[in-house]
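Got a structure here, written out as structure tokens. Questions coming.
Chain lettering (A, B, C and D) follows the sequence in which the chains are written, and residue indices restart at 1 in each chain.
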Amino acid sequence: MTELKLPSIDYAALAPILIMLGAALVGVLIEAFVPRRLRHAVQLGAALLAVLAALYFVVDNAGERQITIGGAIAVDGPTLFLQGAILVLAAMALLLIGERSIERGGAFVAQAAVVAGSEDDRRQAEESGGATEVYPLTTFAIGGMLIFVAANDLLTMFISLEVFSLPLYLLCALARRRRLLSQEAAMKYFLLGAYASAFFLFGVALVYGFTSGIPGRTAGVDFATIHAAVADSPSSPVLLYAGMALLAIGLLFKAAAAPFHVWTPDVYQGAPTPVTAFMAACTKVAAFGALLRVFYVAFSGSAWNFTPVLGTVAILTMLVGAVLAVTQTDIKRLLAYSSIANAGYLLVGVLALNKEGLSGTMFYLVAYGFSVLAAFAVVTLVRDADGEATHLSRWAGLGRRSPFFAALFTFILLAFAGIPLTSGFTSKFAVFGAAIEGGQSWLVIAGVLTSMILAFPYLRVVVMMWLSEPGESTPTVSVPGGLTAAALMIGVLATLVLGVAPGPLLDLANGAAEFVR
Amino acid sequence: MSDFPFLSVLTVAPLVGALVVALLPRSRPQLAKQVAFGWSLAVLVLSVFMWGAFQAGGDRLQFRESYSWIPQWGVNFTFAADGIALVMLMLIAVLVPLVILASWHDAESSKRSVPVYFALLLILESTMIGVFAAADVFLFYVFFEVMLVPMYFLIGSFGGHQRQYAAVKFFLYSLVGGLFMLAAVIGLWVVGGKTFDWQALTQIDMSTGTERWLFLGFFVAFAIKAPFFPFHTWLPDAGGAAPAGAAALLVGVMDKVGTFGILRYCLPLFPEASKWFAPYAIALALIGIIYAALLAVGQNDLKRLVSYTSIAHFGFIGVGIFAFTTQAGTGAVLYMLNHGLATGLLFLVVGMFVARRGSALISDFGGAGKLVPVLAGVFFFAGLASLALPGTAPFISEFLVLIGTYTVNKPVAVIATLGIILAAAYVLWMVQRTTQGTLNPALTQAEGMRRDITLREKVVVAPLIALIVLLGFYPKPVTDVINPAVQATMQDVGKSDPAPTNGGVQEASK
Amino acid sequence: MNEFFSVEPDYYLILAAVLFTIGAVGVLVRRNAIVLFMCVELMLNAANLALVTFSRINGDLNGQIMAFFVMVVAAAEVVIGLAIIMSIFRTRRSASVDDANLLKY
Amino acid sequence: MEETVRYAEATGLLGSVWLLVAIPLVSAAILLLLGRRADRWGHWLGVASIGAAFVLGLTYFFQLRGLENKSVERSLWDFIAVGDFKVDFGLLFDPLAAVFVLLITGVGFLIHLYAVEYMSHDPGRRRFFAYFNLFVAAMLLLVLGNNYVMLYFGWEGVGLASYLLISFWYERPTAATAGKKAFLMNRVGDAGLAIGIFIMFATLGTTQYDEVFNGVGGLAGGTVLVLGLLLLLGATGKSGQFPLQAWLPDAMEGPTPVSALIHAATMVTAGVYLIARSNPIFSANETLQLVVVSVGALTLLLGCIIGAAKDDIKRVLAWSTVSQIGYMFLGVGLGGGAYALAIVHLLAHGFFKANMFLGAGSVMHGMKDQVDIRRFGGLSKYMKITWITFATGWLAIIGIPPLSGYFSKEPIIAKAFERDDWTAWLFGGAAMLGAGLTAFYMTRLFVLTFHGPKRWTDDIEHPHESPKLMTIPLILLAVGSVAAGWLLSTSVPDWLTATAGLGGAEEGEAHGVLSHTVITILSILVTLIGAGLAWFLFRNGTATEPQPAGVLVTAARKNLYTDSFNEAVFEKPGIFLTRALVYLDSRGVDGLVNGLAAGVGGGSGRLRRLQTGFVRSYAMSILTGALLVVAAFLAVQAGWLA
């Protein structure tokens, strides 16, 4: 035993993470000490403030390249880029979460413990202000995501996975209306999420076993060790590949890739819409951030082995997402399948396994996050007496009733369909270009073919909104409060700007596209 | 004057106009129409100046402008026009004001926003100009796709029977083609060393396999757009459902993007593959000529019928392009222009009939010439132009295509010539069932049929008729512009015209 | 690697694998949400066992440290999981996961 | 290459030869564009423009006579110039063209004049004259063009005018259908002509007459044959020759002046013009000539036989036209000096047939538009002028000396016998037989119309002679019918020898299988027998209802089943094919597209069901996926995959 060496800690590099986690703790304290009527404002303010502060430090850290806190956290280009992306998208999601003017009390249940469907429940749905616990939960989740994309060893990755997953499970259960669905979503998400993370963890164990016996190194689960082990470990490669597969399963689950996507439609539909938006945008960034790091840094030595498998998964994902989206009748489910298909496109970018693939995937994540947040923002606005009207048939003729919002949503859908001058096009271009360059033309062709299928459901919504006559039951579009309006406009503008002038963000992504090892 | 940034201004101007029109209050439809019409006229004037500034026989690509757009990907706003593009731009500039004028009352009947209709028309004009003016493959692709959006809404929101189905089909079908092209565009970009500049891309070398795949990607998109058999079934639906003005632009201009794309992109960028695929492309085109003509005979809907005739005409264009001779190529490009004028006219006149009768079914007409003789006369003239009667512009182009094809491929030319017989059949059969024969009693009941052609309608058809006749007798100004561009394209492909088999007569006798 | 341990640790690994499999299959075959959840816990513990075994094989402490972390995480997971399951149970008076079947297709 | 054909540049007055085309064209445009505003005076403008063209034509004709090289061309502008393909918008005024110009404008003027009165009660008279002028312009362009593309231009132009005029009364379904039929069948011929032009360009690199004629000698025999056959196809279409003859009788749906001018005197002879013009091509291949002769002989008999069985006065004349043009084809097919004979017959025919058509029009005018000769009879007393003028036409066509038909037709018959093998008997015999049949059916027509008992329908009381505006052209044409034959047959052949390519082909004294004198006597004899037979049979009129008849007559009444053939072989299968394709397109091609979409939709609907909502089945999916992924990884690692 040598003497205990304390690892060096660069607090500045960790500042965003620390701020978010700190803010979450502060949120818990606020929950305890601030009077009820002020809580909402204070919590929202604190959370937003924390996000902005964290964002400030992310920007401040630009150019940083180091591994700190004993090899647990890597602060490098991708980390900072993705952390920035998560923070910006999370800020928008917070705006949606904090909206209380569309529906009295916001989208969240006042007391999750009230039995769903009971008299109390009806009362809380009509009158009470929503629970403010959502803010600390959200900030915890954000903090977990920030660690997740920066994690430089598998243990940190596992823990941060849980740190951001557990609050999300809870958030899913907190819908004000249709609580049965909400709770069911939460349970499914939780059980399956835990199941998948168990796979992940077993994968960690196997990889750990694989790293033993490398000349000049001790066994461990940090990526540098794994990378070295892939190159020359004396252990059985079965451990490596089984471990790698199980790790991939855990991450692909979060990324909603087929066949690990099964939770997505149910959870997206059942969860409160702002939470769905948060998951669709930020979880995706976090999951792919981790995937990128694992496969680009730790396992890059065996790229030849995992690309065919993951490529098949990518194709399956695109296909499942696209084909199943065709017959969906609920807008949130439809967006869920769209999100699955997009996971497939992102995987294409990941599998390019080159610098362009890295930057393209990161670009795609940001662009998609903005669009999907805007899309769900519109979903929160289309309501009738029972809350959100998510069944597609109810959207008929929406374009006549509220042309402005219908136009915004149409624009978002065109972006999803990959029409040029939207970020949907530029981002697809980025990943497909990288994939062809990386020699993965087959994935691009699959991507193109599934895009054709996927265009149909989007177009069906457009047809519904514009070309169908409004029916008696066409819901109204609520006038959005300032928060939702802000989130929506930011999302739409970003979709447009990234479609018309993607240059600056591309530069940023290109500049960031190098992992520290 | 030639330093003036014609192409970018032409692209942007209608867009600005569209914004202006869209922002006009819904309650002032008249003003919206006037502004839109005036705006399109301004575009026309500018285009005429551009035509004047173009130096036939000068550089292949003129009016070149380039602005950086996405330097990370080597994407530039590069505009440039060769003779082919110039002719198509001119066609757009001429057609759009007339279509706006012809659609004066179209939007009102649909109970939808009038300013939006005209704004969409102007957006469409902008994107169509952009697609022809682009000299950057990425930019071209952008316009190629974005072009769908205004047309989708024109068909879907303002169309007739089955408009939803038609609009979705149009959009999806085109998008499918576009996505194939996207894959090829990306591939080309990677192969070509991360540049989208058209001129740079013509210089690159690639393996035979790559070239063929990329060619296919582009070709499928263009074949759907044009449309060639068997990718044509969207057109009768779209053409049948679209409002007449939009249909005129759809068939008259937008579909030309397909054939233009083949000339501008497939041939110069993938010359070897073009030659390799030429027999197949010609076969498709040839089938299209005969097949679509026969189908046109069997139609009972005027707009669908005209759509089918267009498919047949596109077959001629396709044959002309892939024959790889100067005559056939020039004929094909000229055909693109003339078909735009003739079929544009036909669609607009059909629209006038439909507006009067409230139906596009031929069986709802019959003997209409008795009620609206002048309109029927114009209809007949448009039909004549469509069947390429000498004295009308399409004759020249059809003749050039056939004669140019004959010199290199006799059977193809002979079979294609059968198409001119079928053309006479469908046009005359259409004219007979619509305007001739005993008067359909129901027709006299229709309010609109009591009015013959109005002054507004005369103003719409007169320029088209004049152009068709003028170019039918004196096509030289246009062929002189087209010819160098086509010759350059043929050089790209590495083909030259065959000498007369018993040549030397010309030298000997004159 | 030490000759003495060359066979024996493999038994632990096999045990871990068996436990993991039991857990994984248990999730499929049991209906009660609590039992399902216990199965997941079983999988986590199987992983722990594997970690500790590898740690022993490798002769370092990393695996054991990880096992501690996992235990903490598992505990946190229990809290969340039980909260969710409880709230559903209160409404439905049933802990069968098959009863929660509103979201589908 | 040896240059045998050379045209001089038109200078001086002849430089304005384009006016011939321009004047009627402008007049037509004015009449069409001014619309009803020109209703009151439009017809006079129409007549005047043709009159002016005739005067100009005469002037040019005399100018041309004074020139040494009797062929001048005038290039107006570059019509098409693409690569090596250069086409002049150019005109050629040579003896052949001049003859046609005079025929077209001269006879045309008279018929225009006649039409002023004939169409006076028709509300569409202005439109009629516009089309009529358009026709003249197109026809003049056809004969004046100096290259095949110009010829094609005019060729289709006259087709258009013909269509417009046949279906002039478009509200009648039969007229509309007849017009369409005419245009379509013409287009079949046009397609042949077009391909012929392609061959010229592909082989010789030009379509100019002089260059083609100079170069044709160097072409392979097969090429010349194909080229000639294609031109012949064009000619048969335009001239109503077998196998494209069916449209011409239907074309009688148009107003009678149209039948006279277009479907008798001028347009239908364009095929003859084409072959005469292209004689260097046709002379270059004997097989080709044989085909032309065969077509002519076959058609002339066909026309006679069917004409003899028809009861519609205009249709009889129409079939007669078919038959007479058969003679002309026979003539041009025989080649050599017979070219000129064919042209002479063409000109003479222009006079007498126009005369008879106008006469028929005059009869119809007086008989309330009755056309059935079984419903005429004894009209000689009521329409003296019409009767006499028609008689001159009748005698002329059957070839009674010294009327024009004798001078124009008899030499062709003689020429047919001049061939030096058994075909002389075949073609000469056919021509001779045709002469007899012609005499028969024309006499039948004449007798039934003007002599014998009255068989009028009840609503007719006093048939009246037509007004002067109609009779004057009749008289003038009658004079032509009488006198033209001798004049033309003595002057035109010499005149035509100056036509580039036509001259020099005249060989020395021919040795036929029969001497010329014998043929002359025989033909007159045959004519007299035919005419006498008809007079004898029909002197007492005929039944007013159709009578049962033998096989031949029934067949002849049904146009020898040629229409049935067309219907069975082209029309019905065409309609069937069209219907089948419409079905195929919507169910097959489009069905495939929609089926693909439906397939995706169906697959989606079925796959959706896998999302059962049971969390355990989701877990199952994850576990299965996990096993597969692990297995795949291991398989890849072991080298089993990829």
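The rule is short, and it goes like this: contacts are C-beta pairs under 8 Å (C-beta built on N, C-alpha and C of every residue); 3 or more make two chains touch, one makes a residue touch a chain.
It should be emphasised that the depicted structure is a prediction, and the values quoted were computed from it without experimental measurement.
Chains that touch both subunit A and subunit C: D. Ranked by how close its mean Cα position lies to the mean of all protein Cα atoms, the top chain is B.
The greatest centre-to-centre distance from subunit C, using averaged C-alpha positions, is reached by D. Contact analysis places B-D first among chain pairs (by count of C-beta pairs in contact). With centres set at the average Cα position, the gap from subunit A to subunit D is 78 Å. Between the Cα centres of subunit A and subunit B there is a gap of 45 Å.
Centre to centre, using the average C-alpha position, subunit B and subunit C are separated by 66 Å. Subunit D has its Cα centroid 96 Å from the Cα centroid of subunit C. Along subunit D, residues 597, 608, 611, 613, 615, 619 each make contact with two or more other chains.
Shown for subunit C are the residues that touch two or more other chains, namely 24, 27, 36, 97, 100-104. Looking at subunit B, residues 172 sit in touch with two or more other chains.
The list of touching chain pairs reads A-B, A-C, A-D, B-D, C-D. Listed in rising order, the residues of subunit C touching subunit D in the complex are 24-25, 27-29, 31, 36, 97-98, 100-105. Those residues of subunit A that touch subunit B in the complex are listed here as 414, 417-421, 425-426, 428-429, 432-433, 436-437, 441, 444-445, 448-449, 451-452, 455-456, 459-460, 463, 466-468, 501-503, 506-507, 510.
Interface residues of subunit C facing subunit A in the complex, by the touch rule stated above, are 1, 13, 16, 20, 23-24, 27, 33, 36-37, 40, 43-44, 46-48, 50-51, 53-55, 57-58, 60, 62-63, 65-66, 69-70, 73, 76-77, 80-81, 83-85, 87-88, 90-91, 97, 100-104. Residue ranges of subunit D in contact with subunit A, taken from their complex: 597, 600-601, 603-605, 607-608, 611, 613, 615, 618-619, 621-622, 624-626, 628-630, 632-634, 636-637, 641-642. Per the touch definition, subunit D reaches subunit C in the complex via residues 608-609, 611-616, 619-620, 623.
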